[in-house]
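In the two complexes that follow, chain A is the common piece, with chain B as its partner first and chain C second.
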Partner chain A sequence: MSYFSDIYNGIKTLLTGMSVTGKYFIHARKGSLTQQYPDNRETLKMFDRFRGEVVMPHDENNEHRCTGCQKCEIACPNGTIEIIWDRGIDEETGKKKKKIDKHIYHLGMCTMCGLCIEACPTDAIVWAQNYENSVYDRTKLSKVLNQPGSKVKAGIED
Partner chain B sequence: MMMIPLNITKTIHDWLYSVMPENAASITEMLLIAIAYLALFAVAGLYLVLLERKVAAWFQLRLGPNRVGPFGLFQTMADALKLLSKELTSTDKTDKFLYNLAPFFVITTSLIALSVFPFSKQFQAFDINIGVFFLIAVSSIGVIGILIGGWSSNNKYAMIGAMRSGVQTISYELSVGLSIITMVLLTGTLQLSEIIEIQRTGGWLIWQGHIPAIIAFMIFMIAGTAETNRAPFDLVEAESELGAGFHTEYSGMKFAYFFLAEFINMFIIASIAVVLFFGGWLSPFGITEGITWFPEVLWFLIKVLIIIFLMMWFRWTFPRLRIDQLLTLEWKYLLPINLVNLVVMAIIIWLNLTF
Partner chain C sequence: MRPISYRDCERNITLEPGTQNMKPETINNNFKTEEYFVNMGPQHPAAHGVLRLILTIDGEIIKNVEPDLGYIHRSIEKMCERDSYQQIVHLTDRMDYLSSHINNEAVCLTVEKALEIEVSERVKVIRTIISELTRIASHCLWWGVMGMDVGALTTYFYGFRDREMINDIFEETCGARLTMNYNIPGGLMFDIHPNFVKRTKDFITHFKTKLPEYDRLLTGNVIFQKRTKGVGVLTKEDAISFGTSGPVARGSGFANDVRKRHHYSAYDRVDFKEALFTEGDSFARYQVRIMEMWEAMKIIEQLIDTIPEGDIKTPTNAVIKLPKGEYYQRVETARGELGVYINSTGTKNPYRLKFRSPGFSNLSVLDHITKGAKIGDLVATMASFDFVIPDIDR
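Let's turn to the complex of A and B:
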């Protein structure tokens, strides 16, 4: 007779489900997941894997890690990254060397796929966790990632 | 007879009869009571919507509405105002008369059903001697409104939703009726105020009838949830399949009527459960029995809110049933159990095994 065992199992599983949601209900006041965004602007911190925009970190000597290899530009599926580069003479070796003039990033075209960051051999560009990216003029969405006067960190290309 | 000897209405009652001829006063009093009930249950419906949203949020670890007024208390008021100000749209080929009639059908039947409940010893608009029968009859009419609404919208989703509602309500009506009859066996009366009087001396009916009463209560809750078309039985408005179901084409205040009626129906089902199983406005263990100033309506409302919370708990826990599962549950499980339960109850009363 599976009829009565069906009823028994049915009630049992329903009660199990209700106990799970009941526990959530009791803990809802403390463990609420809601972020009340404009109010907690100062304290709200995005999680590490959040993809806000691509940035190029600089150290305290205004040095970045970008060698101008253009792998990110090639990897980008929709032409978001544009690198203006030049050949300059390296002071130490006296040889001609490729270096970036401007690393231009069009946030308006970016789909946050992350292929550029995967492609970068020197980890020069990373994801930032900022999310307030709206502007009134779309030209403001095109950003130069390397700071003015910065240069590549020594020993990156080796 | 329309007589409510509440203290406040007593004064109005006397005053009305002193300034007007008897017939006019009687009609005015009826109108006043109707307006009072309408206003009361518009507000009650709005706050049940708010409660639902809050409870749903807490079940899902959210906060719920908390912006409009303190703790979001005016959120549903604002929503109702918004709906009031919206345009009443309809499609080209609707059956205009039926389309406009349907929301009133739904809301009127739920308001009629409310009139027989004894909210406290004095607060009962219509103490009819076939109260339970009246309730079963009236609460079944609501589905006609849903069917009319779905049919006249000239929309296939609304139509399917309405037909599902018909199937569901006709099936589950049986279980609601039979579980109520099980309790009526115990009370021996259909008058709601008398049912409560019986519970004053012998304890609540769920205690008097013990095992069959508990089974009847469980069946009543399942079938009652299905009657109000709420999840897990909300095939009528299954969002993923039918848009919004039978009220897809309704907008503005007509939509709000359907929406309010759903919550008032929930209140009705909870009220029937409270009256038939949990002693209505009687206090638990008679703790406020001797206190004359204590508003007994408070106990009624507390019990109703607990039952409503239970229904919300169902809603935010269980997944929606398929239509065949819905009918299997009714015809293969609830109905046979209910019939056996009825016989068990009869035997228990025959052998005097009630408490």
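Let's turn to the complex of A and C:
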């Protein structure tokens, strides 16, 4: 008798499982989570805190907030950030002041840990929410964050 | 005399010693059987990640399983000796990537213990909630993959569907979906997102309707039960002597939940049951994880409404220097007990940092319990162990 009850129970459990999958089959459109990715680029919006890449915002006068203190460079675990800096003479006070020449960011090495942005005392670098970072040549992944001809905003001290 | 046919070989040569059809006198000497080696992995579709198992098999009977490690070794422990204590945290994301938040917490707790700083209640509660969400996400993925390993593809999609909601919660609060790096020594990197509480509650109500579906789809399924019940039986004595932890040990009746026995964060104020089954087979380990998902939801429900106010960071020096000495802290990840041992000489880097990872100890018992089983049983046993290879190799 156990032979037949095994068959009965087997079929019963299979049907129980199929009732779950059948439910989703009938209501396929209602609960679908699949994103049609390349087609939904216009509507796809990332969360505010999403870590896409590090950028340095500039205002309309082509001024940034980076004083060249190199705290981000020290905080970075794997040498993603390189700062080439120089000392220039401040026009107002006449003293020598540190200024950045190039703030280089190697996106290919970045692990998106966020320690540089935590370390920055002047909020000069922030996260950008873009997520399409693939390029054909890996040298393009090294970016200079400060725009050419830009200078530090007046009054920013570290 | 008629020539020997293929059927004769099948009938005469048995690969299973000790069974009824073993008739030594009838074995034709022209057809000798011998043991041979088969590599399972490093890129085997049924193995999770780049784990190479050197199988010594006799027909389909496993004689010996020898795990060969090193295919995803990144020398994380050595890199930790180079980095500062803030930088170490992000490396632990890459160990057991399915419970990355719990790994981060382990390092942060060790550093906080050494510095003798007390984080605020708010930090403790948030850490606990996110740890439990991580555990559910990890077990969701495991459930999907477990079903897939024994031949049910649908579970894979259902598991990932529910895990996606948790990933969204993490992405909104921490900024990343997998390698979150949300903890820092002394607290959290930033406060939780305003939507965090609402999203977590939504997930709990959603998942409470989905978890019974898991049971109906897979737990009660007759094929699944035949594949897992009585397969890969680990006795309680072996579980203790091989140093297993987590759901593997608790499936054998070895109660060793770190959350319950050595409280950390906010686990001392929540009420939850330790999932414990005594059968020791793959199905028991499966049931432990399903029960842990229920208990994790219970923990979150107790804490989510009453997140206390408080500082999100306890200020530390910009360069953390631990006092000279040895420090050890353990936590319960989704796979078992993770221990962090720091040996400091008083400088800004650790002199030695050792991770006691749960996967490595659990792997050591695999050879012992799969001897004499079939290859298909090895796959089912491995699925129930829930290996994450970067955790084993580091």
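Methods note: the second predicted complex is superposed on the first by the 123 of 158 C-alpha atoms of A that agree within 3 Å, B and C clash if a C-alpha of one lies under 4 Å from a C-alpha of the other, contacts with A are read in each partner's own complex, and residues count from 1 in each chain.
We take it that contacts are C-beta pairs under 8 Å (C-beta built on N, C-alpha and C of every residue); 3 or more make two chains touch, one makes a residue touch a chain.
Since we're looking at a predicted model, the values are computed, not measured.
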item	value
Chain B versus chain C as contact partner of A:49, first or second or both or neither	second
Which of chain B and chain C A:28 touches, first, second, both or neither	first
Which of chain B and chain C A:38 touches, first, second, both or neither	neither
More chain A residues in contact [chain B versus chain C]	C
Which superposed partner A:113 touches (first chain B, second chain C, both, neither)	second
Partner chain(s) touched by A:14 [first = chain B, second = chain C, both, neither]	both
Shared chain A surface residues [contacts with chain B and with chain C]	14, 17, 20-21, 33
Chain C contact footprint on chain A (complex, rising order)	9-10, 13-14, 16-17, 19-21, 33, 46-51, 75, 77, 111-115, 118, 127
Residue numbers on chain C that touch chain A, as the complex places them	83, 86-87, 89-91, 154, 161, 164, 171-176, 179, 181, 184, 189-190, 193, 213, 216-218, 220-223
Footprint of chain A on chain B - complex, ascending	55, 57-63, 313-314, 316-318, 333, 337
Chain B contact footprint on chain A (complex, rising order)	7, 14, 17-18, 20-22, 24-25, 27-29, 31-34, 36
